[in-house]
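One chain, chain A, links the two complexes that follow: it is found with chain B in the first and with chain C in the second.
Let's look at the complex of A and B:
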């Protein structure tokens, strides 16, 4: 069966519905309730070891274990959890991480020995490659942040035990990500995760007296508190100082993107924006700050993954608020601790369309990256040109689908391969969620946004606007047309959109 | 594409002359995204001896493949008295760059030798005499002293470019941001260029991230009379173009020349005068370019 993007979704994937379009439509009118529990009389929640807590939760073969990724590539918890599960003799679990990062390559042996039987979560790095080589019997289900929420409150993917890393907790499980020995900032995804799991275990290296000051995750959701020696490596400082970026192509793309955003009327006084991660994110942040200073344009808020660059904007008064679902560096963590206008928000406040309204709906403009984009503006962010998964998808499609104006920034070439293709290897964000593409060779506007095209041409006639097919031909004239990859039958990954429909599947690359 | 390349480009502004290493494919293929006036592909210092041939092949293919539009392309060849200089000319001129940037322009005899060799290639390629231009780099003490003879040694020389990095090396002194030690050499190059009615190009500014410093140095160069600057990063293009932007007075004057020419054309008058002075065709071209530059920088509206 083909979905509306023309991607083949095999019938063998039963229970999956093909993608139907940007507008999310749930097929049910009632959320699945979290389990009813009683916390009276009060029990002692503090448990000495992960093995003990696994016994107490009654975790068994084949159950689902969720983890979350606020420690990102510095996480040291997942490996401890898996080792404890293995030592308890539990096998074939479904692992549901919000994200697996390069540091998680050490979990591969637990896939090989059968401790992990299936993965439903965002993956990257070597684990991504390992999965793409066909080493799991069932395909990994990759969900955007919103799709993950959807899978929770529709009961599509019930979680038996959620292990949530927190930097500090009290004995009752009130916890946050800003106190303790190893703060990592916002707990946006963990807060939501706790509401739907059958049992919730917070894992920390700092237990503070009851009640904890500054509570992000309330005790009402927490079943157990485990103290471990180490939750992760310390968070790093902002890697690139704002204003000290060194890639001239990125600088050019950022300048085009800002002129474009202004000409389209989305960068103006009081606007709100979000910037995706990656090298181009740093460039656009710098260029945007310069523009805001030069033209005295204050923003109303910045949301999403918050970096030191955003903190600098807040400090200097160029934005009124930061709405932080994930803190990306030490500057952001510190700011979250001390600045009242830097606000932690949960994943559901951030991007859950099945509510009375979420933050991303209020965004004027969002700048996101891509590894590939096709002439229908479908975006691939996860795989490289070799067909192996390299990056997490995060909330790419959620934000692109909800913001008023979504702009993809990408260099025209990567290693002599055109970024624009007739067909991307995998669709992670559908083209109807994407409004424009900015490259150093020109700006392409999605034909569905004809009004924007007229406005931009009128306001800034010098911008190099070009139809996407024409730009692709121009680039491929220089690079040649890449030979399409050949795939086996075996499906290794499935990508879900916010409403649980299937955007695309990835098959194993023929070697 | 090839055919029209045989014709020499004329009357271009040379405000920004951007160096790009000849051995970096990634940089070469992205260079045309930027709006410099002139690209200078460096086969010299940027390329190690064992890579000279590979770089030449890369640059040859680059010249074959890309359409340069209005942008000039010069090849910064190796020193002509090194084993690579003539080889560079032989292999790359057939691909029709606009010219070469000649390092170590020290003596008239040396330039004459290069000039003759290029003429030979022009004959073989069946292109007009003087198709290939030379930007002479003045980068040594002897070069500064001989600059007048150098400028007169070939009609191909379209610009003199002062190179402070090699010059200070030759003198055994440090280059400072104040540039005091360069004043005489700079003025010597500048005056010669002005006297010969060719472009005067100022030296590079090596701190890519010091935009304020770049702007100051470029302002200084402009105040002395330089018309362009050699650049080492695309980041430097916009600040430099802004400094060399035409003044309001220059724009108004150019507009008046164009409208006088327009009227003369309508009335079918051959000779154009403005304020009692004759306006010749180079003056009209220059006025057109001034206005183009002003439009590019958004100083005047598209239809003005």
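Let's look at the complex of A and C:
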């Protein structure tokens, strides 16, 4: 069966519905209530070890374990959890991480020995590669932030135990990510994971007196509190280098993107924006700040993953607020702790369209990355050109689909592989969510945005606007036409859209 | 044209390649390592063989470590390596 993007979704994936379009349509019969619990009389929640808490939760073979990725590439919790699960003799668990980073390559042995039987979550790095080599019997289900929320509150993917790293907790489980010995900032994704899991274990290296000051995750959701020696490596300081150009092509793309955003009317006084964590994030951040200073354009808010560069903008008054679902560096963590205009938001507040309205709906413009884009503007951010999963999808499709204007920034080609193709390896963000592509060779506007095209041409006639097919041909003249990859039958990954429908599948690449 | 010693040109920077050519007694031996071998491996081989044929080079051993270089880059690195290896002082 083909979905509306023309991607073949095999009938063998029997529980899946094909993607129907950008507008999310929840089926209200599907919703499940968060688990009801009895927390009276008060019990002692503090447990000495992970093995002991695993016994107490009753975790068994085949159950689902969720984790969050706020410690990013510094995480040392997941490995401890898996080792404890293994030592308890539990096998074939479904791992549901909100994200995996390069450091999580150490979970591969737990896949090989059968502790992990299946993965539903967001993956990257060597684990992505390992999965693409066909080492799991069932395909990994990759969900964007919204798709994951949807899977939770429809009961599509119930979580038996959520193990949530926190930088500090009290004895009742009130916890946050900004106190303690190893702060990591916003608990955005952790807060929503705690809502729907049947049992919630917070794992920390700092237990503080009750009640904790500055509570992000409330005790009402927490079943157990475990103290461990270490949750992760310390967060790094990322020196803000505004004004320095590290990548001339990136600089050019960023300059085009900002002129384009202004000509289209989305960068103006009081606008709101978000910058994806793609490679050009730093370039666009710098270029945007320069424009804001030159033209005295203040933003109303910046949302998403917050970095030191955003913190600088807040400090200097170029934005009123930072809405932080994930803190990316030490500057962001510190700012979240001390600045009232830097606010932690949960994943639901951030990007749950099945509510009375979320933050991403209020965004004027988003700048996102891509590894590939096809002539219908379908985007691949997951796999590299070799057909192996390299990057997490994060909230790419959620933000692109909800913001008023979504702009993809990418170099025209990388290592002689054209970014624009007739067909991408996998669609993670559907073309009807994407408004434009900016490269160093030209700007392509999605034909569905005809009004934007007219406006841009009128306001900034010198911008290099070009139809996407024409740009693709121009680039492929330089790079040559790549030999298409060949794939086996075996499906290794499935990408779900915000409403649980299937965007695409990935098959094992023949090497 | 004849390959009489070893010549090398290029870097392993992204979008560049490093090429080493040296003498051989059994025709052309071409070894390709490339970040885009799946998509462009055959194309790079054809490009190199075509260059050798045009220059009348028959016996040569070549190793290319390619980081996604465009054809122009590969050809200029190749020319430079071959110039060194053939002892020519002037252009081809």
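Everything that follows uses one rule, which is that the second predicted complex is superposed on the first by the 506 of 511 C-alpha atoms of A that agree within 3 Å, B and C clash if a C-alpha of one lies under 4 Å from a C-alpha of the other, contacts with A are read in each partner's own complex, and residues count from 1 in each chain.
Following the convention adopted for this analysis, a residue touches a chain if its C-beta (ideal position, glycine included) is under 8 Å from a C-beta of that chain, and two chains touch if they have at least 3 such contacts.
Remember, predicted model here, so these are calculated numbers, not experimental data.
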Contacts of A:497 with chain B and chain C, given as first, second, both or neither: neither
Which of chain B and chain C A:385 touches, first, second, both or neither: second
First (chain B), second (chain C), both or neither touched by A:150: neither
Partner chain(s) touched by A:483 [first = chain B, second = chain C, both, neither]: second
First (chain B), second (chain C), both or neither touched by A:416: both
First, second, both or neither for A:511, with chain B first and chain C second: second
Chain B and chain C footprints on chain A, overlapping residues: 416, 478
Chain A residues within the chain C interface of the complex: 385-386, 414-417, 478-480, 482-485, 511
Residue numbers on chain B that touch chain A, as the complex places them: 25, 29-30, 33-34, 65-66, 208-209, 233-235, 296, 298, 302
Residue ranges of chain A touching chain B (in the complex, touch as defined): 243-244, 246, 248-249, 251-252, 411-413, 416, 440-441, 461-462, 478
Touch list for chain C against partner chain A, complex: 14-15, 35-36, 38-43, 67-71
